[in-house]
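There are two complexes below, and they share chain A, which is joined by chain B in the first and by chain C in the second.
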Partner chain A sequence: MELLEYIQYVLAPQVLNGLTVGVALILVALGLTIIFGLLDVLNMSHGEFYAVGAFLTIGLGAMGVNFWALIVLAPILMIPLAIAVERFLIRKVYDGADRHVTTLLVTFGLALVMEDVLKLIFGANPHRPENPLPGASEVLGIVFPHYRFLLIIVGAFIILVISYIVYRTKLGSMVRAAAYDRNMAASLGVPVGLIYSGTFAFGVGLAALAGVLLAPIYSVFPTMGRDFIFMAFSVVIIGGMGSILGAVVAGLLLAQISSLSSLFIEPVWTDPIVFGVMVIFLMFRPQGLFGRIGHA
Partner chain B sequence: MMNSNLGRSMGALCLALGLASQVMAETPIKIGVVTPLSGTYAGIGQPIRWGMEMAAKEINEAGGIAGRQLQLIFEDEEANPAVAVQRAERLIQVEKVDFLTGTVNSGSTLAVGQLGERNNTLVSTTVSYADSITGERCSPNVFRVNARAEQQSIALAAWLAKSKPDARVFYIGPDYEMGRSTVAAFKAKAEQYGLKTVGEFFAPLDAKDYTQYFNQIRAARPDVIYTSVAGNDTVRLFSQLAEFGLMRDVTMIGSAGVITSQNIKAVGKAGDGFTTGTGYSPDLNIPENKTFVAAYKALYKQDPDTFAADSYGLIYGYKAAVEKANSTDTDKVRAALQGLSWSTPQGTKQIRAGDHQGIQDMLLVSIKDGQFNVIDKVPAEEAIGPDVCTKF
Partner chain C sequence: MHDRITQTFRGSHVLTAVLVAAALAFMLVGIANNDTFYLRLGTEALIFAGLALSVDLLLGYTGLLSLGQAMYFGIGAYVSAVVLIHTQSFWLAMSASLGASLLAAIVGGIIANQVRGVYFALITFALAQVVAKVIYNTQSLGSSDGLIGIPVVDVNLGVAAISTSSPAGFFLAVLTIIIGLYGLTAWLLNTPFGRVLIALKANERRVPFLGYSVWRARLAAYVLAGAIAGISGALYPMLRGFVSPELLFFSTSGNALIAVILGGVGTLAGALYGSIILIVLKSVISTYTTHHLIVIGSLFIALVLFVPQGLTGYVRPYIVAWLERRSTRRSNDQKPSMPTAVVLKRDSS
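Moving on, here comes the complex of A and B:
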């Protein structure tokens, strides 16, 4: 009986809370893993694109744009910015001798610039859009807010759509081909340049979408990009660089580790545990759980 | 012969004295203000400067202090105790100031206080909270006219005990020194007032999601949640508590920095009902404050805050002390300041002779529709706490 109560009142809510954090984490990590897996670029400015998405919610929301419309609008508005970044920054250094280092530095520099631009435009103080779906339901003694429930549904839907596009469509196979061997793909008529820009824009759009969806829960401020980025990198490393399934599994795993561990130990220790798991993976299974897309 | 000589010398003496007092009347009284004018704390230095300049202007237009004009000399301390000491030293040695004030962070106040003690100059802070300044690290040369941390805790605990007797209190703090010490200090006071502690947790600074701790709150069934988080942590904690329905039938209280003008908009509706203890609110409904707020708004186009009110009040306190002492001599002004009571925007303030701590009524302010409103008052004597200074 006591065990049942423990499961109902302590364990189950904690697992559910971990699930929403996990979905949030997966949304941020998906764009990162797609850009990394397909373009072989470590996008250090991913967190800032996430922040730009969240600030679009604040800026456009203040102009009266509906929150739900922003879910569609924000990723679309990011396309020109993403294409410009890919064409004029990343592509400039992409074919250099040390691609990983140069793209990492370029995107890191971009992250710093973007953070300061956000600070200049919106100021350093935090903002928050009102929760578009307030209220909570109680089922079997477990209280669950409606918006978080929606977040899980929308998150699952987005993950399914992305998996379908990447693994089941002609577009997806062209992208995977370009990732596996771009010269061969190009000679077979795949528009590699376009695919690269498009994939980068897609990943950035996902970051912006995550920014919009998470703004009502996590609030919006210029340095928010750093919030999820380390966790998201851990997800990408543990899941396998570029693996969508890997990002999903690793995202849920890490979120549950941090959620459940806080039941038993001091909350400050959850981060060391999560990053400890990442270090263990880097040491014993550096390819991650599922290996790299287009290569596995 | 003798007589006329004596008469002549007397006359000369009188003349000399007269001239001297003439010269005295012309040299201004100098107050050195070492305050952060740049950097992170510039936002606090600004209202301090405005409050003091407004008071000095009013005093000078009304004829000065005992016929002498008042001059403020500002130095930027960059919220750094080492810089503060260096600038204060310059004010004492080069400008020969009669009084020093302006320091914001408690480290600067303690450091400048020691300097004042070595150089026989009086120092007063109008902002620093740390209890030690007028507690175990008190100094005969250091005064504080603003409410210290303990006065805020006592005011809040006393109000809570009165409005919600036997309340079950849950504590949430950010996991670092300040966060833990504010919670511990308030908990001790609350328990003295008979309030029951039902649980606590400390979340890392910049925690994204507080939901993983919410079960502890739910299981504890508190009537009151006390917190000392700040900045964006407040925004997240409050909105997530509201999201999970944990604020229903719960009174939210906390330290003064939890909700400020910087995050009040982002906290939004979730902040409604949050109550804290403070030494000042522009909303305070007494004639002294109404005059002060109107003049301040006319001059600076915004409401004064606690820093402006305490700094404005200090200049008048110093004026009252110099007039009472009829001198700017350090020992005489110290004696005059001890036990002095004078009128400020916060009502009558008094300086306790035993530890040089300002005694004032404490206010309870609560947020309604994104605005702080005064909801109650705790009398000065009740909120002051014991005198623990043993150095003088």
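Moving on, here comes the complex of A and C:
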């Protein structure tokens, strides 16, 4: 009986919480991993795009825009910004001698600017948007907050759609072709430049979407991206840079580990454990659990 | 006739000499005005210049981007703080910090050396995060508050002693140590060992064919950089009287990186200039607005895009050319020298 109660009141909520975080983490990590897999760019400003998504919920929500409309609107609003960043910043240094380092530096600078712009507009204090779907249901004695449940469903749906696009459509095969061999793809008529901008915008849009979805659960503040992106980096490393399946598996795994481990050890220690796992993976299996997009 | 690398080092030495002269003038003005604030700020800039120097040694000469150099800075600072609290000995604190950061850098270097390129950046970043979080969670190290109340000590020089609480005295001590680190690094890079490091950046695959171990050279560079960061970090608690986990966070590593890009990658002198410019920029902008990151971030992006060689990297070729002309004039009748135009063109690492 005690065991049942333990599962019902302690374990199940933690698993559910881990799932919620995991889905959001996967969305952010997917954007990161797709951008790395295709463009070979480590986007250090990814966390800030996630924060911008969350702040769009605050800003546009205050103007009376419906939350559900924002789920569609936020990623679309990011497209021009993302394309501008890709065209005018990343592409400028893309063909330089040390692409990894320079693109990392440029996006790092961008992250600094974006974080401070958010601070300038919204102030440094945390915001908390209203929960668009309050209430909870009880199934088998386990409490399911409606919004979290919905987040998991929506997130899982989006992840499936992305996998379908990348692996089963013509657009996806063009993206994979461009990732595998840029010049060959271009000579076969793939509009590589467009694909690059589009992919970057797509990855950034995913980050913004995750920001919108998580805003009602977590507080929204300018440096929120920084904390979250570290986790997303670990997911990308452990799953394998550029691997979609890897991001999903590693995202669920890491979120559950950090969620469940807080039952047994002090929650402050989950961070070092997650990063420690990341270090071990980098040392012994830098390609991660699964291979790279377009290379497997 | 010297070869090109020696020439560029001489260019850096001229720039550093200018910096030292400016620093001494600054100190004299500070003493004359009985200033504390600016001298302390200047000392802090020099301490972080040491951290930037270690980043430049890795990025500018060996081609390794470390995103976690603050780890060794922080380890140096914490060890120094603990030793100072217990013994009040400057030299003991410095040697303990050096030992600890050397040890940490050997372990960290063996771990980080498993991987290359972007993975190296990430593994150094993750390592620093692990250590930072462990310190953050350790009660005996003051957890998130850090250690406060580090006593004022004397830098015992045998014939004289400088108190760390004396603004000008400690400024001079820090300046000596940081310039010493600069000199040591520049000297090492100009030895055959240094040439191997530079070769690593140019083409890592060819180095083994010349009979050198890539692994050993990379590890040596990493350990050296860790020790430089550790020594610089050891000075921090003497200046500020406290240490906090923020010293190990990514923002500290990021600032050092900004300083190096600002000053010029692969010049060593640029790391010193960059840190000082960064601190000056921050305090000037802060008088107008709290949002200095917008300005610094934009400046940083613009530099990476348009002036990737940084400030000293931009100036140095002219100094090298000037040194060249001068030495040619001296040995005028002996042999024809390399044309300066070639030197100018090739000096853009």
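Throughout what follows, the second predicted complex is superposed on the first by the 287 of 296 C-alpha atoms of A that agree within 3 Å, B and C clash if a C-alpha of one lies under 4 Å from a C-alpha of the other, contacts with A are read in each partner's own complex, and residues count from 1 in each chain.
In the analysis below, a contact is a pair of C-beta atoms (placed from the backbone, for glycine too) under 8 Å apart; a residue touches a chain by one contact, two chains touch by 3 or more.
Source: prediction; values computed, not measured.
Partners chain B and chain C, brought together by superposition on chain A, fit side by side with no clash.
When the shared chain is aligned, chain C comes close enough to touch A:Lys92, but chain B does not.
In the superposed model, A:Val166 makes contact with neither chain B nor chain C. Touch criterion met: A:Tyr147 reaches chain B, while chain C stays clear of it.
Of the two partner chains placed around the shared chain by superposition, chain B is the only one that A:Asn131 touches, whereas chain C remains out of contact.
When the shared chain is aligned, no partner comes close enough to touch A:Leu206: not chain B, not chain C.
Between chain B and chain C, an angle of 70 degrees opens at the CA centre of chain A in the superposed model, to the nearest 10.
With both structures placed on the common chain, the touch criterion links A:Val268 to chain B and to chain C. With both structures placed on the common chain, the touch criterion links A:Phe228 to chain B but leaves chain C unconnected. In the superposition on chain A, no contact is made by A:Ala179 with either chain B or chain C. After superposing the two complexes on chain A, the closest approach between C-alpha atoms of chain B and chain C comes to 6 Å.
The interface of chain A with chain B overlaps its interface with chain C at residues 266, 268, 271. Interface residues of chain A, counted against chain C in their complex, comprise 42, 89, 92-93, 96, 98, 100-102, 104-106, 108-113, 115-117, 119-120, 226, 230, 233-234, 237, 266, 268-269, 271-272, 275-276, 278-279, 282-284, 286. Contact residues on chain B toward chain A in their complex (touch as defined above): 175, 201-204, 206-209, 211-215, 218-219, 231-232, 235-236, 239-240, 242-245, 262-263, 265-269.
Partner chain A is touched in their complex by these residues of chain C: 59, 63, 65, 111, 114-115, 117-119, 121-123, 125-127, 129-130, 133-134, 136-137, 250, 254, 257, 261, 291-294, 296-298, 300-301, 304-305, 308. Across the interface of their complex, chain B is touched by residues 9-10, 13-14, 17-18, 20-21, 125-128, 130-131, 134, 136, 143, 145, 147-148, 216-221, 227-228, 258-259, 262-263, 266-268, 271 of chain A.
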